[in-house]
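Both complexes below contain subunit A, partnered by subunit B and then by subunit C.
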Partner chain A sequence: MLHEQELKTFVEGTTNFFEVTAQQPASIGSPYLMEGSPAVHEYTGVINISGKREGAVYFTAPKAMLTVLLMKMQENDFSHETMRDLVGEVANMISGNARRDFGRDFVISVPSVLSGEKPQIRHKPGMRSFIIPINWRSHSAKLIVALT
Partner chain B sequence: MRNGNAKAINGNAKRCFKLMIVDDSNLMRRRIERSQQFEDLQLVGTAGNGLEALELFKKTDPDVVTMDITMPRMDGIECIGQLVALKPAVRILVISALADKATAVEAMERGANGFLEKPFTDRQLNEAIAELMR
Partner chain C sequence: MTLAGTERRRRQLITAGLGTALTLVMGTVLIMGFRLATHMRANIGALQTASTLQIYPQEISHQLNSLRDRLEVRAYSGQALADLQATVKRFDQMLNELGVSAEADSPQLHRALQLWHQYAPVLDPVLSFNAQPYVDSDTAGSSLSREGRQYYAEVKRAQLFASDSAGALQGQLAALAATLQRTCSDAAARLRMLLLAGVLAALALAGAAGYFRLTRSSHERAAREAQEQTRDILKTVHEGFFLLDADYRIGSVWSEALTRMFGRQDFAGLSFEELLKDLVAPATLATATKYIKLLWGDRAHENLMKSINPLGQLEIVMDNGHGGKETRYLEFDFHRVMGPEGVKHVLCAVGDITSSVRLAHELRESQENANAQVDMMLSMLHVEPLQLMAFLDSAETSLNLVNGILREPARSDAEFRKKLGGLFRELHGIKGEASALNLKSVASRVHALEDMVADCKRKPELSGSDFLPLVLRLDDLLAHLRSVREMGARLTTLKESGPAAAASVAAAAPHGSAAPRQPRPVEDLSSALQSMAERLAEDHAKRFRLTVSGLSEVPPSYAATIKDCVIQMLRNAAVHGIEPPEVRRAHTKHDVGAVSVHFRKVGEGYELVFEDDGAGIATEALKAAALRQQLISEEEARSMDTRAAMALIFRPGFSTQDDVSMDAGRGVGMDVVARSVYALGGRIGVSTHPGRFTRFKILLPAAQAVSSAVA
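Our next item is the complex of A and B:
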């Protein structure tokens, strides 16, 4: 079972990115649990975790949200590659936070990115995920924590 | 430290430092380039991994380097050691999301001069670069 502090580390890695980079804090919606493979948006940053826990953490966001975030960063390239870079960077921040807080108990992969019209993540049968809505301006992304 | 091209500003000869940015994210490379506000810092090139950085370093001889840690092919830690071996006076600012102490200590031991944690504000970036060039 995940501990509250572990979830907090992943959430803070995400919200800190919005607060510092876009100078506009994100708010957290009500977290919920779901079984099976959750739906994701067009762009998803992924870190795989092994060691004390096994599984993955995903930051998934719609293109519209990422576009506004890039504008707030004064970026003027809104290409597919830049969107991928952006979710990869958010995953990178989550990974950095986790390494700082959990030390060597967690082995954390280099972030990777999923993208496309209908990208899918596949979990083992029976795997449950915590879904944490990340709300920013009028947009909503999700942090998916799928760890055993 | 070897000087780059000198340019006169307000009648005073002012040293111009050459900057190289190393990060596997295009987005972050552009962000650093756009956010740094030093007139005496001239961007000579950007690289997406440690191997590219080594090649570019030999061609452009930068004085100041910003260095990511987690990169494909050759990571920042190994690259720092190789850059310092080529030019001991180079000033290296690590800019990384890996905020654990062990990473910072390892980077410093290899020869980095500063550490800036991602995410960062423009102000934090400029303060870190100013500290590096002091």
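Our next item is the complex of A and C:
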């Protein structure tokens, strides 16, 4: 069973990003469970985890949210690559938080990014993920924690 | 003194001894050589003199001859005499010098001196002549004067003596020279021998020094190798080792594992207290310090001390190297190092036992899980497989509803708070069923979830973070239900050992809640209710008998509702209705209470009557509880009639019990019953008499044709 602190570490990594880069905190929506492969937005940052836990953590955000976030960061470049870099940065911050809190217990991969019209993530049948909505301004992204 | 100190001292002594011996040998050789050289030099001088003296007797003889010849021919003889005088004087002087030198002291010299002493008087008249040897006359020309004639006679006598004894004197002097020559040769040989001995002694000492140096360097090499090995051991060993001195300070040598364990390197001179100060609680630190002091006592028994070691498993929190913190477990072991005067040091061995502690923890958890599974299986043995599967289906459906409630988007406190009521109702239903089937592990998990929902309710401001523990528990519960389902399948296979049974169980075990469910026949709840009644009576120290009739007649579409209602009312009866036996006796009632459940068809519809002969419901108690829970105001309470007061029990959140237990206190029981009944188009009524009975009557319309029950 996943521990509350583990979930909190991933959540903090995500909300910290908004706090630091946009100077505007993000809030957590109502968390829930999802069996099978969850749907994701256009841009998804992924960190794969092994060691004490096995699986992956995803931060998935819609393009609209990332655009506003870039504007807030006073960026002028709203290209596909910049959006990819941005979700990659969020994943990087989640990874940094996890390294800080879990140390050698977790082996964390370098963040990767999925993007496109309908990118898909595939989970084992019967595997449940924790979906934590990340609300920022009027937008909503998702943090997906799929660990066993 | 240490072994290394003794060895060092020994080496110093040997070096000093060798140095002294070399100095003595060289000093002796030099002094003796000097003396020999000095002696040789004197001998050589004497030899030279003796050699020179050999020619003098012959020379004197010649000069005497020359003097005689001159006198005979009346030639000038003054020069010849002067030469003779000089020769004799030199000979005499040299011979006398030789006589006083120790080197030439020999019989030959004595003999030569003796001969010379005989010779000298013969020569003296010649040498001392100082008159005119000639007289001149016109007639005879030059002739010898009287003194000249005497002088001539003396010369002749001396010349004759010289002819006789010059050879002897010369022989003695030659023999003396030969003796001196031998003496010189002997001295040279001695000097050679001495030098050779000195060189040999020096070589021997140099050899000894070389051997010693060789030995020393091999010792040093061995010591260096030993040091390197010690360093390698200290570098490689996984345990932390260090020595504590009498001031409880760490020595200058320690194993590198300490650096990893404590995340520091400044151990030398660090006190034991400083080492642990920031890592352990003050009380533990104080105990540890006292313990270390005890170790220095001479009478402390090591095994006994080991048994009271307060640092056998020390939990410390330290940097994880990534900017965060981690908990690690260290084991300290102490050994006293004894010297001739008692305890010299305390050797401290520190092991990182984090893995073992975690493994033990996991093993314990695994053992507890195994025990829980055994308990679970034992309790499942009493449940009909179909009843169990029906419960699991129902529970999973409810939990999916719970997840659905959680999934509804929420940003504000009000939106989060709105979810709580729905969560309570769904969870309560599952708990009721689990309790009825005596599935304690499920019931306790749901109860914990209910506790979390209740915690959320008490918080002044709700956010998504407050729901994180809840969703984790929900995941755990779903996982548990899945394992119960698998266990049920295995049990059924074991019990029936028939392929048909296994197949039916497998079919009833869908992986995931999305699988379509087959309608199940309505099971007879009687046995489950009897089990639940027994558990409730035991848990609440009550005694009552349950009578059930007609439940097999419940149409499938009402099965779930009737089951939920009966379970809830049975709980209420056990917790609130039936009095403890001593109270019942005091009210002249039978010790064992009576609870009855009757279901029957009435006209087009159905009737369920639930009755207990307990304390009844006191309307004043209801009002007081509602006031306490701020569900009504005091004014409302005063104006409330009996009917309105009785209706309070169907209000959401109402409970007469202040403490929450597995079976009551949430205030989500009777409102769920009422909602379910109303949802089916039915009615519910309650009648009671304080001290005598409580009766619930549920009327339901004719059942729908299509069964949608999840029994």
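Things to note:
We adopt the following convention: the second predicted complex is superposed on the first by the 148 of 148 C-alpha atoms of A that agree within 3 Å, B and C clash if a C-alpha of one lies under 4 Å from a C-alpha of the other, contacts with A are read in each partner's own complex, and residues count from 1 in each chain.
Note that contacts are C-beta pairs under 8 Å (C-beta built on N, C-alpha and C of every residue); 3 or more make two chains touch, one makes a residue touch a chain.
Remember, predicted model here, so these are calculated numbers, not experimental data.
With both structures placed on the common chain, the touch criterion links A:Gly88 to subunit B but leaves subunit C unconnected. In the superposition on chain A, contact of A:Thr21 is made with subunit B only, not with subunit C.
By the document's definition of touching, of the two partners only subunit C reaches A:Phe130; subunit B does not.
Touch criterion met: A:Val110 reaches subunit B, while subunit C stays clear of it.
Applying the stated contact rule after C-alpha superposition, one finds that A:Asp77 touches subunit B and leaves subunit C untouched.
Of the two partner chains placed by the overlay, subunit B and subunit C both lie in contact with A:Arg99. Across the superposed pair, subunit B and subunit C both touch subunit A at residues 99-100, 103.
Interface of subunit A with subunit B (complex): residues 16-17, 20-21, 23, 70, 73-75, 77, 81-82, 85-86, 88-89, 92-93, 95-97, 99-100, 103, 110-111.
Within the complex formed with subunit A, the residues of subunit B that make contact are 25-28, 30-31, 34, 70, 72, 96-100, 103, 117-121.
Taken together, the subunit C residues at the contact with subunit A in this complex read 320-326, 403, 406-411, 415-416, 419, 463-465, 467-472, 474-476, 478-479, 511-514. Contact residues on subunit A toward subunit C in their complex (touch as defined above): 1-4, 7-8, 11, 27-33, 35-36, 99-105, 125-126, 128, 130-133, 135, 140.
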